[in-house]
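Next up: some structures, all given as structure tokens.
One chain, chain A, links the two complexes that follow: it is found with chain B in the first and with chain C in the second.
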Partner chain A sequence: MRMDAKIEGAAAAAAGEALSVAGVTVRFDGLAAISGVTLRLAPGEIVGLIGPNGAGKTTLVNVLTGFQKPTEGGLEIDGRSALGWSPAKVRRAGVARSFQAGRLFGKLSVLENAQVAAIAAGLSLRDARARAAEVLDRTGLGGQLGQIAGSLPYTDQRRLDIARALASRPKYVLLDEPAAGMSDSECEDLMRIIRGLPGSFGCGVLLIEHNMHVVMSLSDRLHVLDGGRTIVTGTPAEVQADRAFLTAYLGAEGVE
Partner chain B sequence: MTQFLQTCLDAASLGSIFALSALGIGLLFGILRLANVAHGEFISTAAYSLIVPFTSVAAASELFIGKWHWAAVIPTVCAIVVVLALATERFVFRPLRSASAPVLMMASFTVSYILQNTVLMVYGSQARGVNLWYGLTQQIQWQGLRIPLIQIVTIAVTAVLMVSLSLFLKYSRFGIEVRAAAEDFRMARYLGVKANRVIGIAFAISGVLAAAVALLYLPQSGTINYAWGSPLALYGFVAVVVGGMGSLPGAVLGGFSIGIAITMLQVYLPPELKPFRDAFAFGLVIVILVVRPNGLFPVKHVMKRV
Partner chain C sequence: MAVPANLPLRAAGLPALLIAGLGLVTLPVSLFAPPGVETFWTEILVRIILVTGFYIFIGNSGVFAFGHVAFACVGGYAAAWLSMNPMFKQIMLTGLPHWVQTLQLSPWAGVAAAAVMAALVALVVGAAIVRLSDIAASIATFAFLVVVNRIYSNWDSVTGGVAPLTNIPQFGSIWPTFLFAALALLTAYLFQRSRWGLMLKASRDDDVAALATGISVYRMRLAAFVLSAAVMGAGGAVYTYFLGILTVDVFYMGLTFLMLVMLVVGGAESLTGVVAGVIAVSTVAQILRLAEQGVQIGGTRLALPLGLQEITLGIFMVLVLVYRSDGITRGRELPLPRFLKANADAR
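On to the complex of A and B.
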């Protein structure tokens, strides 16, 4: 880590601002969960990460957020190598995530859940409160600030999880299946929120999502994983026309 | 009726002591899953700091810090215990932060024994009489009740401490961090909450509460020995479990429940059974735990869907 400072200047100039992994492989007991994956997320864009179950999406998100150290390959945040950083350090560098299981502070209020993230990011009590109120307003929870998080309906808990991720003003937000378990109308609502994130907060969004309608209509670019490998990348239109994508999603018969 | 009111006052006063002890223990348990057995020695240390060290036994030990004006005694004793609590955190529990709960508990046992033996070395093994704040042991007569001043002071100080602690936890920046850490320590750390700071604050508060227990209980008990704090911590532990592990309001209510139970048993048990009062009290605890294994006031867990 001592080398970071030296590399920093030159690399930042070359790479520009982005969260990126290059040639990342993660092996568990010799078995590769992902192999040779390269992905880049810039502020202001929405990138969809899709793939069948077991394709390695969550492993990749864990690498991007510092929860999983890759066996091979590099992780960079704005041109600085973040390899070996703790998740908390990666978060301080501007990479926030939501969680599939939510993991809210169930006994704290809605406001406090977002506020504690802002406080922990270094804001004063009052500034943190204002910041929390703002992100909660954007995520449609502005009317429930005092409610205890544990008593929220499930879909609101997902939105609060997103708000908490936004409360530290991250440059990059990774949303892990935010629409899981939501009805169609709840999905529309969530899509409106996610679509607004780059404009409102200037952040890049990596969207991991099973719901094709959601991911196709929101993403600027798509990154498709299957069996731990990248099988296709491109705009939603390009990907939908791709044979490898169709094979992965519909099976071999579907293409014939 | 007068007799009953008198008993209620005794119960509230004893319950206050147990509730304060339970709060100090429950706070650390909530955040670290640490059952801090050494809390009893925090209480003993506060009491012993009042008398002159390395003196031979006298019927009433010579006061040292205890001789000062109360406005100096209180902050000094609090400071001593806070320093002791922070030192145990820094040198014992911080290096063991990723250890399992049984290891933490063993560590707190060793801290407890080391502190107890230190008291033995410095002050000897015999009980010492301590005349702290003699004025507080006076009784005031009111409507046929004889009310020891110290009971009123105990109840009032406990109320003030509890209100301050809950305001601190509810509204301060650190309070929000402490509550988040108590609920999901790893998530709080991930979000950037400084673990050392939050845990340090919790230990410091726990130390202040231990000092409060010692200063409020000492005028009532009059004598101390090297194990003086242990039963107070034990009742605190029981209160935490009876109240529902991990809930501070539960710990307080558990403390008062035990205070009430013990006082009532003391008054209403037949005279020949009174020496075995605590056996009945703990029997009651077993019954409560069998009927309500999660305590009287269990923590509601967040329901998970999917």
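On to the complex of A and C.
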């Protein structure tokens, strides 16, 4: 199933379908958070975005989702420039995200959290409800539809955040540290869900993650940021062998 | 997953229950109660309309708007302009256009017109106000209340200034007021269960995530603002037709304070809280009002000092905020009886 999606994904990429930034720079008060970053995400692939704290990962995600207007550079969704679009408009064009801090709709039920995302994508109350139930079922929350989101245990909140992102059938989904704070067994569970996303939803996944085990085993390609600049891109194997990557992660002494 | 048929009437279990409860009190009141009690209960029904108006915006958006009584003022005067005896209008309100001066609509049409007028004002004002962040929006709505009060107090040729307007027809029965209260509750309920209501509630819980979910927070807030203003406008008109007399200061700080106490005490995030808050606070306020009037025992008159009513209500609100910050209903709705619950859950 995943292979099919990959082939579809490759076809889509050939047809110019992708979420991409080119030469993006974001400056806050003259200080560059990211500079000259170019990244491309096609439907059907999983791209890992890694880098030490302060490398500019979240800024890049904010640019990709319309929350941050870049100082320089371009943002394109499927060949159309999306520069200056509102977050809501970017979302309707097919780019969804999850949040580091969860940011659920705390007083709504689990079902309503996912339902409202489908409604915002233009579905009727009833169709949205059906789709939400389906997505929640696939992310393992099917048994807790009526529960108030704010009362869920931590790991379920992370899963609901992902389910909510998926409920609008996005073409691209950006997951911001989904495994943060999870135990090993909870990680395995989450990895199974993420690995299945391109196959079951046909979407491209940009995975921002500190957990190296998770990122290395899920990603087709990696994009490493440090100090706001791209230092390496390539397959997990290529990146792990790269000197710049090792320096960024282990420090200069670690390489000696 | 099977989704059972979703007939609006079957899904409307909660307002049906609240309305039935209110009707159950209204019936004996209309048949047997002395005029004082009937007035007390009618006032409760009017307040339910007004607090529901507050609730539609505050409860769903989470933005505390202090100025909604201004829309009741707009509605109240619209009702007076349209329904007052034309003779008095031509003498007192010389600034009104001639066609309004000669008009005398029934209270029913007056309430509808008041709702429309308040909604139009809200559309213009709201377009600016709901763009603001939470605290700024709250302050702006308060400023709006002051502006409306000043205009209506001083535009003598159109509003009669601070002088009371009289010769306004009355409903003559408690039932029209009951009907409008029921309508307000139903409107609020249908809105909070609609697509727009759900999107607005999502933005209340987290506006950043709502934007990331593709929700236009601005549009949802504006919709709720206009709808709540329409309900407030209707409430102001119903109040005016209940009193038969209109003064501008009826719709100002005092009423705002009372409405907010009711909303906070009942629980700003449930419709059940609206009804519970209005009844609880009205009852306490009524007891205190009677105590301020005092009782005659023999030759001496025992009475509480004037002003104690507001002080006690203030303390009441603080106590509720300290011990039950989400109101006496804890933001929850009335538990439905089983035969209704099955349908409501299956939305």
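Just so it is clear, the second predicted complex is superposed on the first by the 241 of 256 C-alpha atoms of A that agree within 3 Å, B and C clash if a C-alpha of one lies under 4 Å from a C-alpha of the other, contacts with A are read in each partner's own complex, and residues count from 1 in each chain.
The rule we apply is simple: a contact is a pair of C-beta atoms (placed from the backbone, for glycine too) under 8 Å apart; a residue touches a chain by one contact, two chains touch by 3 or more.
Given the structure is predicted, the values throughout are model-derived calculations rather than measurements.
Superposition note: with chain A as the common reference, chain B and chain C are in steric clash. When the shared chain is aligned, chain B comes close enough to touch A:154, but chain C does not. By the touch criterion defined above, A:39 lies against neither chain B nor chain C after alignment on the C-alpha atoms of chain A.
In the superposition on chain A, A:168 contacts both chain B and chain C.
In the superposition on chain A, A:105 makes contact with both chain B and chain C. Contacts of A:87 after superposition: both chain B and chain C are touched. Once the two complexes are overlaid on the shared chain, A:146 sits against chain C while remaining clear of chain B. After overlaying the two complexes on the shared chain, residue contacts for A:181 are found with chain B alone; chain C is out of touch. When the two structures are aligned on the shared chain, A:117 is found in touch with chain B and with chain C. Looking at the shared chain after the overlay, A:130 reaches chain C, while chain B stays out of its contact range. Across the superposed pair, chain B and chain C both touch chain A at residues 87-88, 91-92, 103-108, 112, 115-117, 119-121, 124-125, 128, 164, 168. Of all the residues in chain C, the ones that touch chain A in their complex are 1, 3, 6, 194-195, 198-199, 201-202, 204-206, 208-216, 269, 331, 345, 347. Those residues of chain B that touch chain A in the shared complex are 172-173, 176-177, 179-180, 183-184, 187-194, 299-306. Chain A makes touch with chain C in their complex at residues 65, 67, 86-88, 91-92, 96-97, 99, 103-108, 112-113, 115-117, 119-121, 124-126, 128-130, 133-134, 137, 146, 164, 168. Of all the residues in chain A, the ones that touch chain B in their complex are 87-88, 91-92, 101-108, 112, 115-117, 119-122, 124-125, 128, 149-150, 154, 164, 168, 180-181.
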